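Each structure below appears as structure tokens.
Shared between the two complexes below is chain A, which pairs with chain B and chain C, respectively.
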Partner chain A sequence: MITWMRRNLFRSITDTILTVISGSILGYVIFQVFQFVFITGRWEIIQVNLKILLVGRFPEELMFLVGFSILATCFSIASLASGMNRPIDQPPTLAGKLWGLFQRFGLIIATSAFLIVLAGDMAAVLFGAYVVLSIFAGRLFGIARRNTPLKRLPGWLWVAINATLPLVLIFLTMGQAALEEWGGFLINFYLAVVSIALSFPLGVMLALGRRSTLPLLRWLSTAYIELIRGAPLFVLLLLAGVALEFFIPASIAPDAIFRAVTVFTLFTAAYLAEVIRGGLQSIPKGQAEAGKALGLSTFRITFLITLPQALRNVIPAQIGQFISLFKDTTLAGVALSVFDLLNVGTAITKQDDYLGQGLIYESLAFVGLLFWVGSYVMSRESQRIEKKLGVGIR
Partner chain B sequence: MSNEVFKDASKMSGGRESDDAIIVIEGVFKRFKDFEALKNINMQVGRKEVVVVIGPSGSGKSTLIRCINRLEAHDDGHILVDGTALTTDIRNIQEIRKETGMVFQNFNLFPHLTVLTNVAIGPRRVRGLSKSAAEELAMELLTRVKIPEQADKFPAQLSGGQQQRVALARALAMTPKVMLFDEPTSALDPEMINEVLDAMKELAQDGMTMIVVTHEMGFAREVADRVVFMDKGEIVEVGTPSEIFDNPKEERTKKFLSQIL
Partner chain C sequence: MSPQLSTPRKVPFFRDIRTLKWALQILALLAVFAMFYWLYGNYQENVAKSSIQTDLRFLDNPANFTIPGNDLDQSQPVRDAFVEGFLNTLRVAFIGIALATILGTLIGIARLSKNFMVRTLGTVYVELVRNLPLLLLLTFMNLAVVLQAFPRIENAWLPLDLFVVSNRGIAIPWFIGSPAQLGIGILSAALLAFVVAKIRIRQADKTGKQDRAWLVGIATFVFLVVLIWLLFGYGWELPYVDGRGTTGGLRLDPSFFALVASLVIYTSSHIAEIVRGSILAVSRGQGEAADAIALSGSQKMRLIILPQAFRIAMPALGNQYLNLIKNSSLGATISYFELTQIAQITVGNGSPAVPAFSLTLLVYLGISLVTSLVVNFFNRRLALVER
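Entry: the complex of A and B
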């Protein structure tokens, strides 16, 4: 330890000076943060408003819908992430499984536990428990499924059902509870999940379109990608707020959530298309030639040979796009007056009890924390998937 | 215009084609921009014949066999494989690709699929076999090239020689009538060349029609029925191995052989 310090921190006079300066700055920052978090911070504003921060003014009696749809979403993510066709050489032990789960979801669990304690509110407790349980159930199910004889078709059916279930439930939820009654983090979560699910296939299509040998398709894809990438997301969101009225009568105009999902999907798809195109370009020509020599059709060469390799090569960049989409959902709050986490977070500081007390720090810190947890989990998952797919392949 | 030529040509060669010619190449030209890669190539390959194509690099030998399964499109002339003319018609192209297997210099195995899936993908997706039938066939072929124990590994976990044998099995899984080899041992370490050549020899003994582009003169001498020497996009000399190697007639052949032997 001391040798390490001497070697890395105090090797020369400049090193020592730099260490002392940066050390004291770091110490000061850490001290300030600790003081804020544990002493001066007035966290009761979060505690009191926790439910509204997480799900908006969602009717108490319909909370089970939220639970179910989150459950379904987690199931589908877990069964997708568990690797459909991966052969298992040595099935992990139960303890190994649990440890793996803890490593991967410990952060979510800790956050949920923290929220539950903070809330002491039955609805929030249920909410947290739903999230934790559903992730565990989804993971265990995903692991168990691979070793059963019912492998391929049921697997895909399961994924298909799971992918549609949350969507159905969202629409059900939105139909039942008036739109302005749901909000908070739930909105950010679903904006992100739905937009990711929709933008991925669109992005793949655009990438293939831009590489197509059919000129019309290529020009259209290129024009679309360049047009969308040339516009700031915020402008597009503002436009979506007003422009749709030109085409659709106001009486049946789609609601703000729909508009936000549309914009996020179209926007992310354009970026994703370029990322995936880069991946496709990294695949050597010999791969397609080998497919041709076997007599595979162009369609099969793309979907069985080049595209899977291309997608694997650009996992980090893809996940990066998804993470930035997830965080950009806060823009919908500002541009389209969606009652999302950030809007709720700023609104609660204007409640009678807290007005003018400068509690925006606490509120924004909490908002930031939730987004950080989400982004960090995504980034970790990306590394894990990459490692898993990369085994013995490169 | 070229279509007209094709129709006539296929009629003509249909009449002329002897029973044992499986590949007929007539008056084929291939240009890459200003560079003429193939100049007026005429050649026939009989059933069960093993033809080895030799020549200096850039002589057009790879281009020639890549034209046979349409990885390159030839510009003039016509190519018939087992009675099917190679035209721009995608159905003809697919038909011919099903009948011809190819082994590449760089193996070109699919790195994201296991060895077994690499071999099974052709029969499964092109011939329409069931998954279990395709995998059974794949296993059989892996046994034939002597690496059944590697079936569940990924290509990158195998040695070069093993990878090339998987590539051979993958091509054979389509039960082709003709096998094309594009410098199959050029990317291999010396100690692995023989395991691939041995597998190819066995294939030749089993009566496969083969066109082999290679620099392995020992293989050519031992296995080839005919040796074709190409230079600058032209066929310079054709003959039995002993005619070409022991008694070459053309100056260019002599010069090439003196350089490599």
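Entry: the complex of A and C
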């Protein structure tokens, strides 16, 4: 301990000064945060508005659909994670396993527990229990796949089976409630997921187009990518807000959420295309040449040999793109007056009960917490995947 | 052996790979044209229906709004407002880029420090800021810091009696005299300092002594600035509270402060990661060689590692600069009068939306192109010339 301190904190006089300065900054910040969270913070504004912050004015009688979607998603993720072939570097001991789980999911568990405490009623506690149950059920299902004849199912079919249930439920939920009733965190999540899903195929096509040997396709893709990358997202959103109805017939005049999804999709596709192009460039020429030697068509070489490897190589960058999209969904709130989490967060401080009491700290802290946990967990997972795939090592 | 192999049959043109390739491309082009034609047709139709301008004539209309902190008149044309917005965007971009680079580099180095406390502080900063939306930081800076934590003007903070900090903005000491004079003075001083530094480097190359070019250069610069200042009698004005406002000095808008602060905080966390990665990417042998010739820790960083790290970091840094410039459009959400805000207001005042926003997008595209040209120029200057 003493040696460690001498080595890491008090190596020389300048080092000691640095330690004292940065230590006191760190201590001050930690003290302030603790004081804010446990003593001075007035959290009843969050407690009262918790539902609006999370799902907006989503109809009460349809809330069970949202709940089921969350449960189904937890089930699928758990079963997918445990149903795949066992990784080689599994920590040997139970304690090691628990520590690994804590590192990966501790933050999410803590945040969920915090939300349950904030909600403070029996329904929330029960729902938490259901989530835990569905995760266990998913694990059992996954383990069952490993040890029964289900083992012979091909991987894609397994993924498809698992993805069907939550997707069906999510689309059902979307179909049931009008989009104007959505709000809060649900909007941010929905915008991010839908936009990334739609922009992915477009991004792949643009990346292939930009690397194509056909000049016209190359020019078109390059022009699109560079034009979009030179424009600020916020201005594009504003433009979509006031000018989209000029360009498409009035009969299909879209609502704000549709506009946001369109802009996010077109915008993210350009950035994703650059990421995927980087992946394609990292694949050695020999791969495509080997495909040619086997007499495969260009189409098959691309989709069976180069593209899968390219996508694998840039998984962390793709997740990074997804994280920045997730954070950028807040822009839709201001540009298109969508009631997203940040907008709700500033709006609740203007309610009659809370006006002029300086509660902006509390509400922004809560909004920030949700975004931070989401982005941080995703970036940690991407680092883990990167390590697991051994990109650059193999 | 089949005879077809030796005598190639003529391929019908619809299965000829060359025809197919061109057919595919022309098809794609046609699809794009068709889409644009459709969009343009709809646009023409809708515009004709509501008789909206489609050209840039709206730039000559009176602006009908004023820009705080600026003597723009209500009757001046929209064009002038756009120019002023463009200048405000550039102001934010320049100051933001400079500050974010400095802060980001320091934090990037801190994250690799041997000192545990410094390292932790850097990591906490980067992980905290990087995972928050920029708009959240901006809203926080505007609503929570500037409008709430900053005091009213009656009991403004007066740190060192040099600044006046209140929720009406921050006033800093400033020169008396025209900006042109100031610019010429600083520019000529910088030029002379650069020449002196070059001479030092050339001497050092001959004699083998340490050049200390940066130190000497900065000292020369400061000396010359002070000299010019004393010779030509420029003043130096401190701001003070004067009733409901401040007098003297340079007053920074609260929204300007909030925008620059949040952009710098956000971008510096990204730059810190780039700098850290680039320092790690400098090959280990370089640091070991520096140790072998007994350079001190700071010399090793300053003379060996950082110059090579910046060569690696340059393209990624350029991307961050572009992001910062594009993100400055968020100033519109807190009523900082930059380009986007001007466009939004003129559209609200009745200017046609499509031309106004297209113009805005074009200007951003232009700024981005110029910035990437500059970054590419430096990148080519710095890049390692191989074989």
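To be clear about the criterion, the second predicted complex is superposed on the first by the 286 of 394 C-alpha atoms of A that agree within 3 Å, B and C clash if a C-alpha of one lies under 4 Å from a C-alpha of the other, contacts with A are read in each partner's own complex, and residues count from 1 in each chain.
The rule is simple: a residue touches a chain if its C-beta (ideal position, glycine included) is under 8 Å from a C-beta of that chain, and two chains touch if they have at least 3 such contacts.
None of these values were measured; they are calculated from a predicted model.
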Open item on the list: On the A-aligned overlay, A:V204 touches which partner chain: chain B = first, chain C = second, or both, or neither?
Closed with: neither
- [ ] In the overlay, answer first, second, both or neither for which of chain B and chain C A:R300 touches.
- [x] first
TODO: Could you say whether A:P308 touches chain B, chain C, both of them, or neither, answering first, second, both or neither?
DONE: first
Open item on the list: Applying the document's definition of touching, compare chain B and chain C: which contacts more of chain A?
Closed with: C
Open item on the list: Quick check for you: in the superposed arrangement, does A:V193 touch first (chain B), second (chain C), both or neither?
Closed with: neither
Task: Which superposed partner A:A290 touches (first chain B, second chain C, both, neither) - done: first
Open item on the list: Quick check on the superposed pair: does A:L53 touch chain B, chain C, both, or neither? Answer first, second, both or neither.
Closed with: neither
TODO: Mind working out whether A:T330 is in touch with chain B, chain C, both or neither, as first, second, both or neither?
DONE: second
Task: Residues on chain B engaged by chain A in the complex (per definition of touch) - done: 69-71, 94, 97-98, 100-102, 104, 106, 108-112, 114, 121-122, 125-126, 152-154, 156-157, 167, 170-171, 174
- [ ] Would you tell me which residues of chain A are touching chain B in their complex?
- [x] 87, 284, 286-287, 289-290, 292-297, 300, 304-305, 308-309, 312, 389, 391-394
Task: Of chain C, residues touching chain A in the complex - done: 21, 24-26, 28-29, 32, 39, 42-43, 46-47, 110, 113-118, 120-121, 124, 127-128, 130-136, 139-140, 143-144, 148, 326-327, 329-330, 332-333, 340, 343-344, 347, 353-354, 357-358, 360-361, 364-365, 368-369
Open item on the list: Residue numbers of chain A touching chain C in their complex, please.
Closed with: 7-9, 11, 15, 18-19, 22-23, 25-26, 29, 214-217, 220, 227, 229-236, 238-239, 242-243, 245-250, 323, 327-328, 330-331, 333-334, 342, 346, 358, 360-361, 364, 367-368, 371-372, 375-376, 379
